[in-house]
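Below is one structure. I have some questions about it.
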Amino acid sequence: MTRTILYASLLVVCAVRADSQQQNFDKVQIHVEHVQHNVYMLAGAGGNTTVQVGDEGVLMVDTQFAPLAPKLMAEIRKLSPGPLRYIINTHMHPDHVGGNAAIAKLAGSDPALPLRIIAHENVLNRLTAPGEPRFPEADLPNDEYATPVKNLHFNGEAVVIIHEPNAHTDGDSMVLFRGSDVISTGDIFTPGGYPFIDIEHGGSVQGEILALNHILELAVPAKTQEGGTYLIPGHGRICDDADVVEFRDMVVIVRDRVRDMIKKGKTLDEVKAAKLTRDYDTEYVSSGSFVSADRFVEAVYKSLSPSTGSGRSSR
Amino acid sequence: MTVSRFAIATVLLSFPLLGQYDLSGEWGARYHEDQSERIPGPELGDYLGLPITDAARLRADSWDASIATLPEWQCRPHPADYGSRGPADLRIWKEVDNQTQQVIAYHTHVQWQAQERTIWMDGRPHPPEDAPHTWQGFSTGKWEGNQLTVITTHLKEGYARRNGVPRSDRATLVEHWVRHGDFLTLVSIIHDPVYLTDPFIRTTNWVLSPYQSIDPYPCEVAEEVERPEGKVPHHLPGENKFLNEFPDKYHLPAAATRGGRETMYPEYRLAMRGSASIVFPEASPQYTAPAEPQHGIHVQRVRGGIYMLSGAGGNITIDAGSEGVLLVDTGLPDKTDQVLAEIGKISDKPVRYIIDTHLHADHTGGNEKIAKLGQTIAGGDVTNLTDDAREGAKVIAHQNVLNRMSAPDGDKPASPFGMLPTDAYFGSHKDLFFNDEGIRIVHPKNAHTDGDSMVFFRRSDVISTGDVFTMNGYPFLDLAHGGSIQGELDALNQILGMVITAHNEEAGTYIIPGHGRLCDAADVAYYRDMLTIIRDRILDMKKRGMTLDQVQTANPTRDYDPRWGATSGFWTTRMFVAAVYQGLGEKGRP
Amino acid sequence: MTRFLAMALLVSAPLLAQVDFSGGWSPLYHEDLPDRIPGPELGDYLGLPLNDAARLRADSYDADRISVVPEYECRPHSSDYSMRGLAVMHVDAIRDPVTQRLIAFHTRMNFQEMERTIWLDGRPHPSEYAPHTWPGFSTGTWQDNMLDVYTTHLKESYLKRNGVPRSDKATFTEHWVRHGNYLTVATVVTDPVFMTEPLVRTQSWILDPTQVIGRDICETAAEVPKAADYVPNHLPGTNPFLHEVADWYGLPFEATRGGAETLYPEYRKKMEKPEHPRERCERYCACGAEGFVCLSPTAPPPDKQP
Amino acid sequence: MRLKSLLLMLGMAGALGAQLGPGPAVPAPGKPGAPIDLTGYWVAYVTEDWRWRMVTPLKGDAASVPTTAEARKAIDAWDPGKDEAAGLQCKSYGAPAIMRVPGRLHITWQDETTLKIETDAGQQTRLFHFDGQPPRAMAPSWQGYSAAKWEGALPVANPPVFFGLGIAPRLGARSRSLEVTTTQLRAGYLRKNGVPYSDKTVLKEYYDIFSEPNADTWLMVTTVVEDPMYLAVPFVTTSHFKKIPDASGWDPEPCTAR
């Protein structure tokens, strides 16, 4: 019974989040930041957008919301006049896939080289599952993959799309631009706030930790643990290896604390009452943050407790 | 007055050139010869009219069509010599030097897999032997009367017929293009010392078709078949059941379908009717284009600050940039001065790091001298002592290399202290950040030896593999130092896992082998397929209880020997087969 | 020619209102030497205006993390703590080649080669999306002979090397002033996440013309085998070492927990008696005295009261 | 044309001179020339050497002080009882140490050339004399005799002669710092647990003011203690005080030896 209630509340929250964004889109400014070599970050509303430009055309990771499409395309056109060849969706949430159709329409598509919307198979499954909010056909990925890794070679560099099972959701993808040495992590890594572990859509804290450790394995920092591989998080500023370490440690330490209380047979309410994350709340919870401390602890609790642990990671 | 004489001279000068024909235009293919072989594709076992050797025949018999679904082969295009045999609508255009209005190159675009070739007309030499080989090779052309004669070298391994008949990467292609009004004829002659007994000649025709438009041909790899890592589909010798399908269906004598030079001559019809004593004409000699003579050290730029130096023992990778120089391997000791001279031409900065891919002397010979001249990026912790910054370059290698080199090895004494690695790592990998790019040193277990390292320059997209991958012969499995066939195969598959090709399975990640030319993913894929097939054959023989001698006499590698085998030297084919045989334990994972 | 002279005079005039900090400076560890060189004791939050969140973060810190988590091995001090650590400093003045106007000071500390640039040419701070770095982004303005430096975009780091956190939302101001061969820098760290009020500290250097700064190279090496998701930490309430500093130095345990009120003189009246009063100093007593190297503590471990 | 531009330039130089402040670079001594306002109430903000200032350190603990072997003997011989008996409770409140004692300062101008600093901890009073006279011979005392001056224009190595045109010589940067030299000190303690300084000690102090974006105003005192007998090198510490609006929290208490 409780699952459906939570499920409904989540939907509401999702909707609310989407709606609350609805009205003030016209005030949203797109901020362009050059990350490294031919990769740029566009921050507006919702998830960050990554853009890779070069002589073969443009590749986008995540497209935020439909009303922002004109502004996003305007900024992209300043970076490159080339054709938009690929859109990669890091996962299914509306603040990352919302603009797919609008961007595709604005960018236009050459029939010989059709625009490809790439995402993991589970994203398509989730978006077309009954009960999910209806998405227009054009928003949906048209080139889903089911293997651990999907390789592209675009704009003179290797683009490696890596599936991280059961982390933020069960359809997460990270994009490594090997030549530019930048990783677009999607909502697996959100330096400004607690990770949103979406249990209902297959997320789990074990998968989240494995995904964060995988980022650390992929990233090669330069001198004094800084620079080298740069990371574009789902939300928040451009980061590097050291920022991910702090985030990973937080998730592991909170997991240790919740696991310790589960071993002692504590209920979810007792765990919440213990305020296990009070030393991290001042850093990761701010007025606008989407994941409250309780919600994060609840997701960790659900992932770890054997009975309802739906999103256990297979890897 | 002077002006006119000049004008006349130029007119005279250019006159003979006008005699050229112009081949540019859109040409529609005509499949009026071998249409069933060219469009639907050849039947399995159909080697009719091919002057192939026994080795080629075994290669073709072992070929399993489903190999084409391996990720490495899904987007493989037809190489230059077969482009005209597949769907071959053609577009030719000229590239003209606008100063001299001379034709400097002809470009061709073939419909299947949108393959493009450049035929250089400006008389430039062919690149040296260890330049990378490509699908379309390196072509130079010149007019002989109304015929354009084109010589093509540096071709990747391909096929004489796409039912598995191999064409080696040591082949040379000679083409003659002739235009008769609206008809274009191509005579293509393949000289392949490895798999052909005679030059193999074929002709193809096109008709001018100005309204033709050739579509783009994007191809992207997608792994759709669930199969265990490292599996390569092939038939064990003698177990290919499809070979007699072709003769039965078309009522042909089985022997004829096995090909061979005799089947090319009219006299063969008599042979087919049973008369024995027929003398066939002598085989004419195979032509090999004169590659630029390569003696001593040769350095070529791979990409960014990465150079490959060959000719000093094992290949040496030089990474030169703002922070200094990093070397992968240091070659033979007696070549060190030449190596240092070449490095000096590339960068004036000191050598900071030396990475040893493994312990053999042809890769670590120069450690002592080069390291001593180098200057590592080091220094006292916080004591501000700067003098130990000049203790020489840092030598990085796997722990096992240090263990083996610092201990006496049979009768050989331990290596001198200066040769030893100064910074040994253990575990699966070690990372460096040098010259503005991440460098990942990967340790494959028990491949060539138990101390192998492969170096992956991530942003330059180049991998130095050491002797795990060598283009000049079978891999030297050093069992005494921990090498093994299974480890070797895992290492090759690990390389293929890191490699991402640009288009049509070519370029993208470049690979510097321990010995031989600069390669890319397709070369490694061929090498991995060869080794997997040989391992399967020997494993199968071992399971059937054959002893090592019986296996060696059965000669399971005879179809690869002409290209990779050796009958003398320190690593012969028999020693290779023995190493594989011993490396496969009783259980011997397939 | 004369117009040129006039221009030269005009241009050089404001230049003079500046002080040259360039040169080699060696740190004077005449304050908090045991805390700065050997390193702070576990649980020693003396003199830090911490809030509860910071206290729990510090209590959960396990010093083993530096060797077990490879990403921590080569982590340098960020620019605020590098004033407190091994601070042999070299300062270079960067001048615009055309106008010879001072546009930046470039400093380099010997520990982990911490380099930073203090921009004096009035350039703006980068956007909120720009990456944060260990040295942060610093701009300076002159107040006659005092240089005020304002730094943002700092990575998360520490106020003390025993786990007391300093968040990446902190800003950091410095005030550089030179008196003859003495350089004094007041540092003010404002961190809304972990501190209830700004932390002000002051450090001094003396000019050292014969100074040599070498290299301090660090390469991570995973020497301790560990599970992928293992981060050494003490679960809340299980850190056994928090009473050590109070026992060793005969201090009231409450005071070692830090907090803004312990910084003011009136706190001396509110302090309780130490749980384990001591007579003589047993640890780092002569740290800094002539010819005495205080790297090895002399005291036996604290008497383990129940 | 050349003459006009020369005059123009002279004019500018003159204007320029004015812009840099009245006449010679060195400000007038005492109150009139004060580039910074030191007056008011200040509270010590103990974020450094906490356990050597807020509590009496353990006997023998002289960490951070570059003591000589001679000083070690005196440190081990410290006996608060003996000091109390001899009425020397204020030994650790002498000028070289007073700024390290946690407490409040009240700074006022006693007259045009004398600055007065009173402390509530130990109830000490220091007088900074700006009159520039040589120190008057007096009996050594806890606070000694302090001669003060505004640093004014920082000394410039070699002011070049400028073509003899009388243009103002090159000026050092203007300074806002106060420099105080204190001599004739009575032997005392740098710290409450008997870390000694001898009567041959010369104390040099620099006072600076800085303000923070959150409108806090801070006083920073850099103290340089030179003592040939007990200090191997000059002992340099810096203390900082936050400006407080009024005397609230002023808590005068006598010296204590413990």
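Residue numbering begins at 1 within each chain, and the chains themselves are lettered A, B, C and D in the order written.
We adopt the following convention: a contact is a pair of C-beta atoms (placed from the backbone, for glycine too) under 8 Å apart; a residue touches a chain by one contact, two chains touch by 3 or more.
Note that the coordinates shown come from a computational prediction; the quantities given were computed from them, not determined experimentally.
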{"item": "For chain C and chain D, chains touching each", "value": "none"}
{"item": "Central subunit by CA centre of mass proxy", "value": "A"}
{"item": "By count of C-beta pairs in contact, the leading pair of chains", "value": "C-D"}
{"item": "Between chain B and chain D, centroid-to-centroid distance (C-alpha), Å", "value": "79"}
{"item": "Chain B and chain C: spacing of chain centres that average the CA atoms, whole Å", "value": "57"}
{"item": "Cα-centroid distance, chain A relative to chain B, in whole angstrom", "value": "41"}
{"item": "For chain B, residues that touch 2 or more chains besides their own", "value": "431"}
{"item": "Per-residue multi-chain contacts in chain A, two or more chains", "value": "221, 223"}
{"item": "Residues of chain C whose C-beta touches two or more other chains", "value": "220"}
{"item": "Touching residues on chain C, where the partner in the complex is chain A", "value": "51-57, 60, 65, 69, 71-72, 74-76, 112-114, 127-134, 155-156, 167-169, 192-194, 218, 220, 228-231, 233, 235-236"}
{"item": "Chain A-touching residues of chain B, taken from the complex the two chains share", "value": "215-216, 218, 220-223, 431, 433, 436-440, 458-459, 461, 500-503, 508-509"}
{"item": "List of chain C residues in touch with chain D within their complex", "value": "2-3, 5-6, 9-10, 13, 16-19, 28-34, 46-49, 143-146, 148, 150, 173, 175, 177, 179, 182, 184, 186, 188, 190, 198-204, 206, 249-251, 255, 262-268, 271, 278-282, 284-290, 294"}
{"item": "Residue numbers on chain A that touch chain B, as the complex places them", "value": "112-113, 145, 147, 151-153, 157-158, 160, 178-181, 220-223, 228-229"}
{"item": "In the complex with chain C, residue positions of chain D that touch it", "value": "2, 5-6, 8-9, 12-13, 16, 19-20, 35, 43-51, 54-55, 57-69, 71-72, 102-104, 121, 151, 154, 167, 170-177, 179, 206, 208, 210, 212-214, 216, 218, 220, 222, 224, 232, 235-240, 242, 249, 251"}
